[in-house]
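Common to both upcoming complexes is chain A, partnered first by chain B, then by chain C.
== the complex of A and B ==
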């Protein structure tokens, strides 16, 4: 078991090392790719520059604010709609397919409409990301609350549980796992939508900075921005994974 | 409340949609003073001949569909290939699967400008970006599907003298279908997402060109007509994949 684990880790690290090695080797053996693939040390210097000049922080503040606003709206609306719809089986049968159908449409199609209505500033990104992440949260809340076993409800009712107690001891624990999955999916969709929206049309933010450095052909800076987002996203994913494994163990 | 019949459910749903359209029309016509709000009737009037009657728009929709088809086909072929290679061995799966998941989790919009730099302004960058979105659900679900096959069935078929190819055809393949098709449906949505993101980012005569044209000339009815047409196409494509999926999982019931 131990040895297998060691083998797996060395394959993973080996792969990353090979990739970086190939990057270094290719960019140092020929000058042809300079424009599209800058040398790793140039990207590293650009990353330090973005970090120390404060440009990273001013862009990240705008983006993170948009993400937080959009996510809060999506969570409140999604859980509320999900909870209200599950008050009756008929409502679930009416609304669930409609919501699922709309979620299957790439809502990016509607992004130009958001820009027309909400302008080029942060509002259009917040509205777009909130709309996109509303769907997985609402759908999973519906799935969570409909998966609560009728048998448990009847049992606590016959034992005289009040509706508050029913909610606290049966609905909530029953619906929580699936709802949490929705919250996680919604969170990552929210981040992707804000960054996507910023890349497409924005005045400022991380996505805008990326699009701008591509337009100006500052590829080293472009890679530096991408590296920061990739690092942040990998850390967030690992955190989410760790949180999930912990909650599964309980 | 008593259980409603399926017809009743459909009727209520239809009434809701009709009601929403009516409210929207009423709001656009009588309440809103903004020129940005176009009512459903304006959108319908713009749909033909102004938007879909225009040959250049139809060509743009055609190009987008071709980009989507190529990107989706590439996602399926390469995704399943990579998925099978990774899922084949236990070590391969346990070492590569987490890396695939981490890559899948990166918000890909941030590499879109890079794709445009590398692949240019034409269809190639849209296909590449759609492909980079679509391949991940295919890889992930192929790996998951291969894990679903019960070792008992494999041992059983081997004991009855099935060759490796026969095992793939009669045991592994049918069991992978459900999971893989769930991945294909997701891949269809994500490929379309990637293609449209790239189209809206920069486009020469594709649908992105027209969405930009209509938004910059403040023509909300034409913009909505185009966007809603594409949304209907997305729903149709999704249903198509679902039908194919139902066809391939018939053996189950």
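== the complex of A and C ==
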């Protein structure tokens, strides 16, 4: 089992290494692509520059603040709405299809509206990302609470469980796994929405910097920004995976 | 137990109980129980036997206070039943109701906690009940790590652990294979001979009813009424040898003769319903 794991990991790293090798090879064997695909070492130098000049930090601070604000709003609203809707079967029948239908619409279409309502500053990104990530969280909370088997509730009622105890020992742990999945999906939608929104219309932030570098054809800087986002995403994903395996084990 | 019980008064008194489930349309309204009266003595093991859909589980739920009868009353231990009475009656369901997100031991802890027992004694009581069904080595397992038979064994132990005078069992072995249910039936007979609890056991298995019960109450197809009552005068605990005794076969055949018409009626009704739906 462990040896197999090792093999899989080395194949995965090997593929990434081949990708980098190809990048290096292509950019060193021909000058034609220089403008669209800068050499790796140029991108690396830009990354160091962004890091040391503090531009990375000022942009990241704005973006991360937006993400955190939007996510907190989405989590609180999504869980609250999801929980309230599951208080009655009829409410679920009314709201679940509506929420699912709204989530199916690409909300990117409405981003310009958010800018009109909330301005070019961080608020429009926060509102947009909070709205978008609200849906998967609310939907999974509904699914989570609906998935709790009525039989368990009947059983603990026969044992004399109070309504608080029914909630604490049956409803909450029963709904948790599906709800957590919603929280994870919502988190990645939140990040994507903030960054996407910034590239479309923003005064500052990581997404804005990426869009600006592209407009100015500063491709090495563009790739440097992207590289930072990729690194951050990989780390977040690993963190999320680790948290999930831990909660599964419990 | 609330209220004094003298030896003469029954542990459970079911008095003219009827139950109607009202559907959205008149055709969906079902009379599940029609004027059922039954008295169960303290320490008696009574099986409710009948074709599927005869309302035997409904009657059990009404005794346990999980359902409210449309008419009539149930008195347990001298007090009318108006809802679950966890200190008087324990309920074991057809499917495992061990909460899957807790270990076996935690399930016992919670059952006692819900009942209001929140002191240090819970662990001893839980382990004692688990040892009665020979499951102590699984105390720290999660339900999903156990087989169906093991889970029902533990559900039974949980029902015993809470120390009620009355135990209500709703087809607890129905989801198990025949060999497992035979073994569990033997165990149950052994256990109950020791505890002296009053037991109401719902089943549709003739052999199970004869093997376990002091008295078998046969119910009719819908609407459920009591059709016959048959005593099984054989002392507990019963060994598997009892199943080979001529007495066992006689009672079983007698039951089958009584039930045959009811089973046919049920099958005919199911066919009708299917034709109507199709």
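Quick note on the criterion: the second predicted complex is superposed on the first by the 243 of 250 C-alpha atoms of A that agree within 3 Å, B and C clash if a C-alpha of one lies under 4 Å from a C-alpha of the other, contacts with A are read in each partner's own complex, and residues count from 1 in each chain.
Basically, a residue touches a chain if its C-beta (ideal position, glycine included) is under 8 Å from a C-beta of that chain, and two chains touch if they have at least 3 such contacts.
Owing to the predicted nature of the structure, the values given are computational and were not obtained by experimental measurement.
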| item | value |
| --- | --- |
| Simultaneous placement of chain C and chain B on chain A, clash or fit | fit |
| Partner chain(s) touched by A:137 [first = chain B, second = chain C, both, neither] | neither |
| Partner chain in contact with A:152 - chain B first, chain C second, else both or neither | second |
| Chain A residues touched - chain C or chain B, whichever exceeds | B |
| Contacts of A:215 with chain B and chain C, given as first, second, both or neither | first |
| Contacts of A:226 with chain B and chain C, given as first, second, both or neither | first |
| Contacts of A:126 with chain B and chain C, given as first, second, both or neither | neither |
| First (chain B), second (chain C), both or neither touched by A:165 | second |
| Three-chain overlay, closest Cα atoms of chain B and chain C, distance in Å | 9 |
| On chain A, positions contacted by chain B and by chain C | none |
| Residue ranges of chain B touching chain A (in the complex, touch as defined) | 1, 3-4, 9, 12-13, 16, 36, 91, 94-96, 98-99, 101-102, 105-114, 116-118, 185, 189-190, 192-193, 196-197, 200-201, 211-212, 214-215, 218, 220, 223-224, 227, 230-231, 234-235, 238 |
| Residues of chain A touching chain C in the complex | 151-152, 154-162, 165, 169-170, 173-174, 176 |
| Residue numbers on chain C that touch chain A, as the complex places them | 64, 66, 84, 86-87, 89-91, 93, 95, 97, 99, 101-102, 110-111, 113-116, 162 |
| Chain A to chain B touching residues, read off their complex | 4, 7-9, 11-12, 15, 36, 88-90, 93-94, 97-98, 101, 104-106, 108-113, 115-117, 188, 191-192, 195-196, 199-200, 206-207, 210-211, 213-215, 217, 219, 222-223, 225-226, 229-230, 233-234, 236-238 |
